[in-house]
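Below, chain A partners chain B and then partners chain C, in two separate complexes.
Entry: the complex of A and B
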């Protein structure tokens, strides 16, 4: 074997993008994914630019309580006579940011626990997973309520409490996905070099869990929103007068017959957001297992892999 | 293969034509790019027809089309598949379903995946007959009969077993029995022996042949292994990039191949008789939709002229053959390239580098290795051969530190080796490197080739980034891959390229001992040849000691100097390769050697 021409067949092949970009891109291109993104995207967009376009200050009493919709106050007013539209526009971003932070926190802890359990096995696996079992025995909301009622409603605490309640479920899912990865030869190969377990987990196993992690994150994000709205509704969220969709539902329900929009609009927005994210997450999961992958790629893989 | 080969020719021509494929074209549903095109062949009753080619040649796609099936994303867009005169591409889905299993049967590559693990063998066999009620008169007697014909015990106990209670060979026989149960006209076998070791393979092949004979069944046998096909079929079609490049009687095609691709494939087949330099075919087939204008093989062809890149060749008749090559007539008269003998290397000398004494290993309570003594000498290659289950992979894993559950003594360059990799010194871990069997699982799919090769360097050496990059580039050249591979991911590489990256990862840290565990068993023959040649050259250039684990005795000759035969966890024979292969002492070794499919036994073999 003297001279070798470079195999010109794939010289022009495009460089692979990071897997999460590919996955997101492929998911958006499916019908299901596009619907999900447009639903969730429009709510997020509203929450982000809302505070800047709100016609009134959200805390300012502008008319009598529970006024019906009018040309001046499009969605009417709430129990203190504040403009509902302005409160809806201003009350979203905080909820979104807090839900995002809680999701990141929960998925990080859960993934770390799940990967450690799967890779280290033995006693550590037992210890982590039995702890997970115990934590899973508490309903999420009750657990979060417990923490918040002991320490009091603080932004960081709500984030930590909600995030922490996600961790056990994430750990379960990630552990089972990671178990399969830990058995692969490339993991064995770095073990043979004597690489530290922490590095094996971060650099070999974690990158191969991108798709379950993405699906989990999407799912947990919707749960975070629902949980936080729920906490606010129960009065354990951030104290008034800060506008908040969850709290709006709670404080305005007494005037439901007078101005239904003060309750319905925040509820609908929360619903649209969670449905949108869930739909999108679903499409990511489908793309990830190849249900909606492109047939050409599937063909090449099948023809190429033979044992 | 010493199958009874004298009767192939005459019998094949007498039977009626069972299957006729005319101008079959299969394309991608989305882009209409051709996957398979202009495929025509016919198979007579009681004839075995071979369809050979590398992965990606379209042979499995054609095989599935014979059942009227196209994989998701593919369309059978033109052509006819006439089974006993009727075109099965005209059938409605319901009619096709009745046909499958009854008139056309399929034997898959991997029986352990094809049999339902939750159902008893008996149920699965009867089910095949029950869905086609008209096929046989008496269901129970047919079950017993077909079990006997496929050389399985036809006892009630057998029928009560679950697939996992059978060996790989038995599972494949069950799959055969299911396929033959309804007495089909055509049977499609898709690499049915790929996962089996040589002895089992030989027995399964004999069964296939006798069953096709006795029923007058036309059989299409798909395989990448030319040695297997050569001993089995009477007509053969060589496929490349979705087209048949050479088709004709096996004996002619294999003895005097004309198409450069066929020549390349045959040159890649190792022989247990001679120590030869194996030549693979570099590069890989074009992907569907990326086929060049002219001959699809031109880029890899040493005979290619300028015209080959422009003009698409049409089949040219040479004897009883059709060859799709512009230069077929010229090449026909050129002699088939002679094989080059491997330069003689001296077997082990001096102090052994690796010394095993009384090694016992077990999985849980089951003992796998019994008192293994083994010496591996510096600068020499020792082959460990044995059937699956003989403990050869366990032996390799004990040595490299993946399997810590062993007792006995293991010394490397005079130092005792600890039981698992975690308990060994960094220096020893660097000196002994392991190459895994399957390159599809041994490279992290989320890392670029550059990362895969740089990381061991980062781990073992304190060198600058520039030095690291230089070494990575050098090692890529050593395994005959260019620098344009640096930024790619494993998914963009073919199996052979992946295995070379795996080899590069092992040698980039400059080890003293390389342990290769069945490194070519997941690869095509042509790719196997190139891979073995890379290993042989590296071992020689870098004065490596090598332990080459394989079930393929034919390979041993081309790479190793000494050989060890492992049988049920014990070493039964040890010596130089010549001694072991030419004057085996143990009946087990004799049988292993006899069972290796050999190209020299193709057809009626008029010359010695």
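Entry: the complex of A and C
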């Protein structure tokens, strides 16, 4: 990928460094990018080391339900008298991993469909894009709920369901970005040498879509977390008693006036995580397009509205 | 609608009346076909994929007799095509069958929820549109001022938040911990409609409004800035037209046009956004109905609600497309 990528749009970028590394580096150096990375990074760090430093077992009843914060239980207890701090520390990594897997799955399928539609044109393009139209007629959460309702809440199914709901929107964006690339002269020249279509798509077209792919991945990662946390909140995530930020909000909100932290802390962590990732994605988009503020109309056509 | 205020566009708009009507017809036809395919997808997903739907509903408590009875109720003993035909014709003629959870007619159960959800969507959509347009216009007029900067950061943050986080924050602030001004849940009593108890509606509507404002506000800001920097505004300024008149008579109508499409997208978003918000506030709308139906594996209700939401989606898509077509002549060529 690195060798095939054309000289990157960023002035002075070393030619051999992969474009995505250059982009990430440039985005981190912007003010917004730095803020986004530190917000999301600290939540991720907490989710990763959390399970090892939790003072109590997340499933163990240690005191009475909805106890307020004390020196022994810093964030108080939840509806079953379990330590909120321990559950918060232990309940993040699964959400993160599942959201990551769903994002990779959705972006891969969407990008494959979008590039194929743009390159192969004709009937295949029509077939793919009409399928996209039909799938986009379902609100994302509703579609995920529909899939989960069929087989029941299983980890792999939630990942596949959430990822799959991303695919049509990704396909649309990548197709429109790839259309212009397929028209370029070097693609035509490779074609004339008789290179197979699959190889043209992977080694000639894909490397030119690094920036839209990165922006899409960032957006979809944010939405994956939103959707996954939403599904858990609705009770269709991992079955209890596994600690999970989304479900913690649901199960503890009846005790809001007794121990607000059992709800507020998971909510704040989800918020910091999604705000951080989205802010960083925004700065990647700004760097990739090369202007200080990207045109809003393009932005909205690109991302649509959260479906 | 915005085109009426814009006399420059009006002649171009009515001159080629028929091509536009044809395009609208085409869009509508594509919409009908899409809905038809959507109904097949929903049908296949809920009745065929899991093997036997009757077994998945009854689970381990299934006895041969109860399985048999449910198979007949769901027409599972017929051929696939016949099953689909029976279901589709029932859907089109309003004979939706009975809920598996409580045996009542699906329509009687879903109809009041539809009304409640419509109140929520229309209320939030209108208020959000008004505030979004207003805030976007203010940000554009004071470009690079403190309001512009603050609102740009806030809108980026809000667009990344899950709806239930916004809802929980509102509940903590206004209904439980900090203040006790409003009810934390909105369980509209059966037999009454949502508009009869406006106090219950405040927090659910506010949640949705907060979530949709940023999209409209950003678009309005961008369009308004473009309009304010355009040649016709420059011309008006040179002629000595007062600034308030420039804003209201020139910049505003021209920037509302591109914003309309985003407003349409916002209504699309609301169709999915109500699911979680209704669940948080225990509000009896179709979103909550869907969540309950999924918990109970109540297949007839799931099918109907999903088709209704998809139909709303397709319909709003057409409306948005048509309005976009009417306000910007460039798009009138079929894609």
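Here, the second predicted complex is superposed on the first by the 276 of 307 C-alpha atoms of A that agree within 3 Å, B and C clash if a C-alpha of one lies under 4 Å from a C-alpha of the other, contacts with A are read in each partner's own complex, and residues count from 1 in each chain.
Throughout what follows, a contact is a pair of C-beta atoms (placed from the backbone, for glycine too) under 8 Å apart; a residue touches a chain by one contact, two chains touch by 3 or more.
Remember, it's a predicted structure, so these values are computed and weren't measured experimentally.
Of the two partner chains placed around the shared chain by superposition, neither chain B nor chain C is touched by A:29.
When the two structures are aligned on the shared chain, A:186 is found in touch with chain B, with no touch to chain C. Applying the stated contact rule after C-alpha superposition, one finds that A:154 touches neither chain B nor chain C.
By the touch criterion stated above, A:133 is placed in contact with chain C alone, chain B being left untouched. Applying the stated contact rule after C-alpha superposition, one finds that A:195 touches chain B and leaves chain C untouched. Of the two partner chains, chain C is the only one that A:229 touches; chain B does not reach it. Residues 295-296, 299-300, 304-307 of chain A touch chain B in one complex and chain C in the other. Across the complex, chain A is touched by residues 30, 34-35, 37-38, 41-42, 45-46, 49-50, 56, 156-157, 159-165, 168-169, 171-172, 176-177, 184, 215, 218-219, 221-223, 258, 262, 265-266, 268-269, 271-273, 275-276, 279-280, 290-291, 293-295, 297, 302, 306, 309-310, 313-314, 317 of chain C.
For chain A in complex with chain C, the residues that touch the partner chain are 133-134, 136-142, 145-151, 222, 225-226, 229-230, 233-236, 246, 249, 253, 256-257, 260, 263-264, 267, 270-271, 274-275, 277-279, 282, 295-297, 299-300, 304-307.
Only residues 28-31, 35, 55-56, 58, 60-61, 71-74, 109-110, 191, 194-195, 224, 279-280, 282-290, 299, 400-402, 421-422, 424, 426, 429-430, 433-434, 436-438, 440-447, 455-456, 459-460, 480, 482, 484, 487-489, 491-492, 494-495, 497, 505, 521-522, 524, 530, 533-534, 537 of chain B touch chain A when the two sit together in their complex.
Considering their complex, residues 1, 4-11, 13, 15-16, 19, 184-186, 188-195, 203-204, 207-208, 210, 294-296, 298-300, 302-307 of chain A touch chain B.
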